[in-house]
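First subunit A sits with subunit B, and in the next complex the same chain sits with subunit C.
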Partner chain A sequence: MGNTQVLFSQRIRKFVKNNGSVVIFLILALLASLFVKNFFALNNFLTIIKQAAIPVIACLGITLVLMTGGIDLSLGYTLGLCSITVGLFVKTVGLPIWLSIVLTLLVGLLVGLINGTLVQVVKVPAFIVTLGSGYIIFGIAQIVSSGSDVNRLPASFRAIGVTNILGLNTTVLISLVICLIMYYLLHHSTFGRALAAFGFNAKAARMSGIRSEALNILVYMICSFLVAIAAILLTIRVNCAQPTMGGGVYTFEVITGAIIGGASLFGGIGTVIGSVFGVLIIKVLENCINLLNVSYYTYQAFQGIVILLAIIFENVKNRKL
Partner chain B sequence: MKGLKISKKSLLIIASVVALFFILGSLVPGFLSMRNLMNIIRQSSIIAITACAMTLVIIIKGIDLSVTGVLSFCAMVNGLLLLKGWPILLAMLVGLAVGTAMGLFNGLMVEKLGIPAFITTLVVGNVGGGLALLLNAGKSIGAFPAAYVFMGNGTILGMPVSNYIMFFFVIVTSLLMSKTRLGTYIYAMGGNETVVKQQGISTAAINYFVYGFSGFCIAMAGILLSGQLDTVHPTQGEPYQLDAIAACVIGGVSMLGGEGKVYLALVGALIIGVQRNVLNLLGIHPFYQNIFVGIIIIVIVAINIHQKRRTIEISKIF
Partner chain C sequence: MQKTILQMDNITKYIFDEHGQALRGTTVKILEDVHFDVKEAEVHVLVGENGAGKSTLMKIIGGIIPADGGQMFLDGQEVTFSGPRESLANGIGFIHQELNLCLNLDVAQNIFLGRESQKGIFLNKTEMYEKAKEMLLRLGFDINPHTLVRELSTAQQQIVEIVKVLSYECRVIIMDEPTASLTKSEIDKLFAIIHDLRKNGISIIYISHRFDELTEIGDRITVLRDGRYIGSVDIAEFDYDKIISMMVGRKLTAMFKSTHLVQDKVILEVKGLAIARNTPPIDLTVRSGEVVGLSGLVGAGRTELAKSIFGSRPYYGGQILYKGEEIGHLHPHRLIEKGVIYLSEDRKLEGLVLEMSLKDNVTLASLKRMYPKTKINFAREAEVASESVAKLNIVANSIEQLCNTLSGGNQQKVVLAKWLLTTPQLLILDEPTRGIDVNAKSEIYRIIDELAKQGVAILMISSELPEIIGMSDRIYVMKRGAIAAELTAKEDFVQEKILSYTL
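Here is the complex of A and B:
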């Protein structure tokens, strides 16, 4: 009897250790339901899921990058570039919708290719590459758009993100599909194992036959590709393509989500479920702050404190548990 | 041999500045006017003070990405206190203390929790940026006391007051790095942290000092900037993040740590100042300027790392 109890408590410990963000999310949701008026309502939950759907896509991208021990500070600016790209192609140039989307995704891939190549081949530290490329990308986005937005996008283009299928928004469905694909990729494929190995010890991974150069570049490409998808969906959602969409604040939010979700800053560790719940935690907090009528600026400062707590928590957890 | 190499590098950097100066002077109308030159060095003082501290941070293989937020926040704190009628010195001291505290916090995170510098400084910067917006609900403040604006805009013996402050910072930091034991330790820590620890030197103290000093300098730059513009806008620190790093990189501070001279970072700051000024005079939009600076940083760091890799084998840099 005692033995099974020990095992049970060990299993709980293991669950908490591996899925900290799920536990935090549940506690947070419980507290919010008890103390925040209007939080506990189906409509509100749907809103939270809708708001989380797009950042989750970008967050899964940055999770991969964090797993290699790198970082992508240009993420928010890539979002802006891809947003204005798709807007310009669809409305101003008037290309077919599928072609505009393909071209936008290619822009995303190109950004990732450049970032990844500079990190892996030229060996410039990731935060320097992406800090610099972020400013470059932001500049390019501003130049191609002449600093102005593209409004009122065609309805057929918007339909991709705002249609309801079986009561669920297509944006949410797309996000869900991407989560499933990423889950398979990260936890059930050789790619995921190679990535974890590379993140823990790049040298050992290379010596055991993992093509680490290609892997590292590929990871940055996947990240920017996912950001491009997020950009298209976000553009549809706000019905406006903006070069200033995203930016440093967005990068920070997405990184926060991944880190709350348990992705390690030192590489090797990261889970899809963790990152999804990491973003959900952020969105629940944002939702509560809205419901409580606190200014958005408070939220921005608050978010920083949340990420600090997450980092400290992760550190302490790895030592104690 | 090593000394010779460094002096060659310094010479190259300084020579390129002089060349740049004359080429631009002959090509860009209005560049060589006294007023414009004064403007350049006045504007460069902000970059130079930030770059001063950034040099130390990069020497110990760190980076400070909190410039934007901390600069705006400290300027905002200081500005609000000034408008409340606090004495200038006291308001400045509070602003500087806030900056130093944020820097020390970065040092604490790096030292005690071993968190990568770019993450903790990014976070602290974001908290600072949020607080700067929060303090005055996102609005700008201005119309500071005359003596305060004089600190930013006035001149003594023909030189802007800002630049006296800048030179004070550069000289003190240079002396600290070249003449004191602490400076030697800082270089040593960038070169090989394990050896420094084995010598019984406290790396904690060095981390606290370097990041704290960085916060202090950023706060000073913010205060000076608010004096120059006679305004504090909650996001006015934005351009200085990239410029400060660019100044260091152009000044030859190695991203691999252990190498860099403060006075060369000053030269780097001047180059960035000149570049912004010239492109402004030519009517080129700041977007292009940022693209330019971004490319410069990546290219110079890439070249620097490439050179180093030929001599030392580095499997994983960070």
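Here is the complex of A and C:
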């Protein structure tokens, strides 16, 4: 039957569309295993997963924002602000650990609230709002820290991220739990459905009874909240709270991950699996570059090529025929 | 005998997408075997109801969209235009209803846009401004060519557009409802120009809804109806009733079956609502089990009224009562909860999320009701969507089919299915059968009747008079932002009568 054939080809196309990054990841891992010395080793795989765990959290945040058709360029600076915030609270001020973390997460939510409100209410394009707010956030981080880092954080605080449970690092486990929660939110809840509808056609979504205004602001808040979590874990990992942590390069890397993972810059499309593998692809490339002893600068140029290819690919894939 | 400049034979056009290409697999014709010709130095008026195909025909002449069948001759030579530029190069100018000027440029810059005169590598500004001034003066307008177009009145902008078209040495100028936004004195000036142009041997195709204008400037009238050529009449033989009957002369088919009964309970009551700052207040009621038709020309304010009720547009004073409760300015999600829904006239822009599946679209407005705990039950969702497909006879490969691959009629049914799933008590339908084929139409009529039978109150906006007459228990006619008439007696439901209130 013609109909079933159409369906089958649609299904294949849908699979590639939704899971293209998984396919690319597998090909890449296979090539690396064959051609890069020391790549194929359990320890190396664990390293890659460890390195991916934190950016994945932020990447899931930006995936939601991209799904609305917006963008958050302040992401990397929010990371720096949250890093120095938690450092100051937990060491310099000496607040209890749980309170320091709660306050840091609140800082994240506040940043998201401001970004989201500006985008939704003042109707300024997201990239302009977050470009501006990013610099403000960077400035605030410098001011509160007087430009200096906070070193040697309390061991009890660090334990949150560096303990091993069943052979896996708690950072990786936290990241995994967040992935699962986000998977539920995005693919099994009305929130994800509403978000996709809003991203594709905001007007139709609003007129179908989706509270699009609240949704849009909420998405920026979730994104910055996740970035705050990433900031805390990264601060623990490097054992140093830095106002300059993250920055534009980090934003770029995280957005790259989401786009390689198939998220659309035009809204509507984005998946948890895609974004997770998008980040993994970046980390595998980074890993290979390390193993091959290529300079980091070459890698950055290479990363630019990857994001361009990903965007071109996405464009071709989503072009309406 | 005047020479025929432009002739079109058997022009056929299928319903098309935004690129002017026929939709895949469609059989809906917007134009069918249309004949049209323009003689030298004549003003040829094109009339017809909304959706009769006037604009489509003009777009074909203007090279904006291609015809799917038929031939076009210019001076006896067969021509096909691949774009507006080619049409313009052949001497056909198109003045659109919405003017196509760059507001941020001045008059002369607009007139010479894209073909500025040059001196070496520099623009020859002196020459351009002088030329522009001269051309404006020739039409009797003393507009400074240095003025920004933004600062001109609509009428003056129209003049600039005319000058621009004339500067291409056009022999045929299409004017699409040029007087729609002009004042009386501006209209007189425009008519003087039209007379002048005709004297200089230029032909004009003039689209209008205003009958008083036709006799004043027209030489010949051609009537289109339902995408077909009905006939042409010389202005000397102009007869108001005859033209009207040519425009509407359709037989009511057996598509409309009324099995519902109007109940006493008032569901919607609009009191003194002004849709714009300077429009008179509107009063309107819809009862339980009643289908109320809202007729009027495009731009009469029908959609604005509907959107004011549905909270997606501000209004200026007045009250909107739903079951006696004020609902003005509520967010759509609150209205949907209460049982008020609005089916938009533009299903692609406001009705559907085209990139999502049939199933996702059907359940979109009911997510909160179906899954109060936010977890989507996929099995239940598929069940509900399949039920809708069966109930509304939606033709699709599966409930997973993306909506942008469905036909217009099926898309409309998906939108309807989405709204029915919310169990509405007040249905505002804006052009519920636009651009869909006859079968889908009659099914939608059946559904509307069925809903009314269940006690749903229905306010139906439509530009198609047979539909309004066939479906309505009561009819409001809107004209320029106000209710021009309310028809309650069935014997008043006559096309000619309704049309006379709209014009």
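Just a few scattered comments:
Rule of thumb we're sticking to: the second predicted complex is superposed on the first by the 304 of 321 C-alpha atoms of A that agree within 3 Å, B and C clash if a C-alpha of one lies under 4 Å from a C-alpha of the other, contacts with A are read in each partner's own complex, and residues count from 1 in each chain.
Following the convention adopted for this analysis, contacts are C-beta pairs under 8 Å (C-beta built on N, C-alpha and C of every residue); 3 or more make two chains touch, one makes a residue touch a chain.
Just so we're clear, the structure is a prediction, and the values are computed from it rather than from any experiment.
In the superposed model, A:I71 lies in contact with subunit B only, and not with subunit C.
Of the two partner chains placed by the overlay, only subunit B lies in contact with A:Y135; subunit C stays clear of it. Of the two partner chains placed by the overlay, subunit B and subunit C both lie in contact with A:K203. Look at A:L308: by the touch rule set out above, it reaches subunit B but stays clear of subunit C. Applying the stated contact rule after C-alpha superposition, one finds that A:R237 touches neither subunit B nor subunit C.
Judged by the touch definition given at the top, the superposed model places A:P125 against subunit B, while subunit C stays out of reach.
In the superposed model, more residues of subunit A are touched by B than by the other of subunit B and subunit C. Look at A:K91: by the touch rule set out above, it reaches neither subunit B nor subunit C.
In the superposition on chain A, the residues of subunit A contacted by subunit B and by subunit C overlap at 203.
Within the complex, the subunit A residues that touch subunit B are 69, 71, 73, 118, 122-129, 131-136, 138-140, 142-143, 147, 202-203, 248-249, 252, 255, 265-266, 295, 297-305, 307-308, 311-312, 315.
Against subunit C, in their complex, subunit A makes its touches with residues 3, 6-7, 10, 184, 188-191, 193-194, 196-197, 200-201, 203-211, 268, 320. Interface residues of subunit B facing subunit A in the complex, by the touch rule stated above, are 63, 65, 68, 109, 113-116, 118-120, 122-124, 126-127, 129-131, 133-134, 137-138, 242, 245, 255, 285, 287-288, 290-291, 293-295, 297-298, 301-302, 305-306, 309, 314-318.
Partner subunit A is touched in their complex by these residues of subunit C: 310, 312, 331-333, 335-337, 342, 344, 349-356, 360, 364-365, 367-368, 371, 374-376, 397-398, 400, 404, 418, 422.
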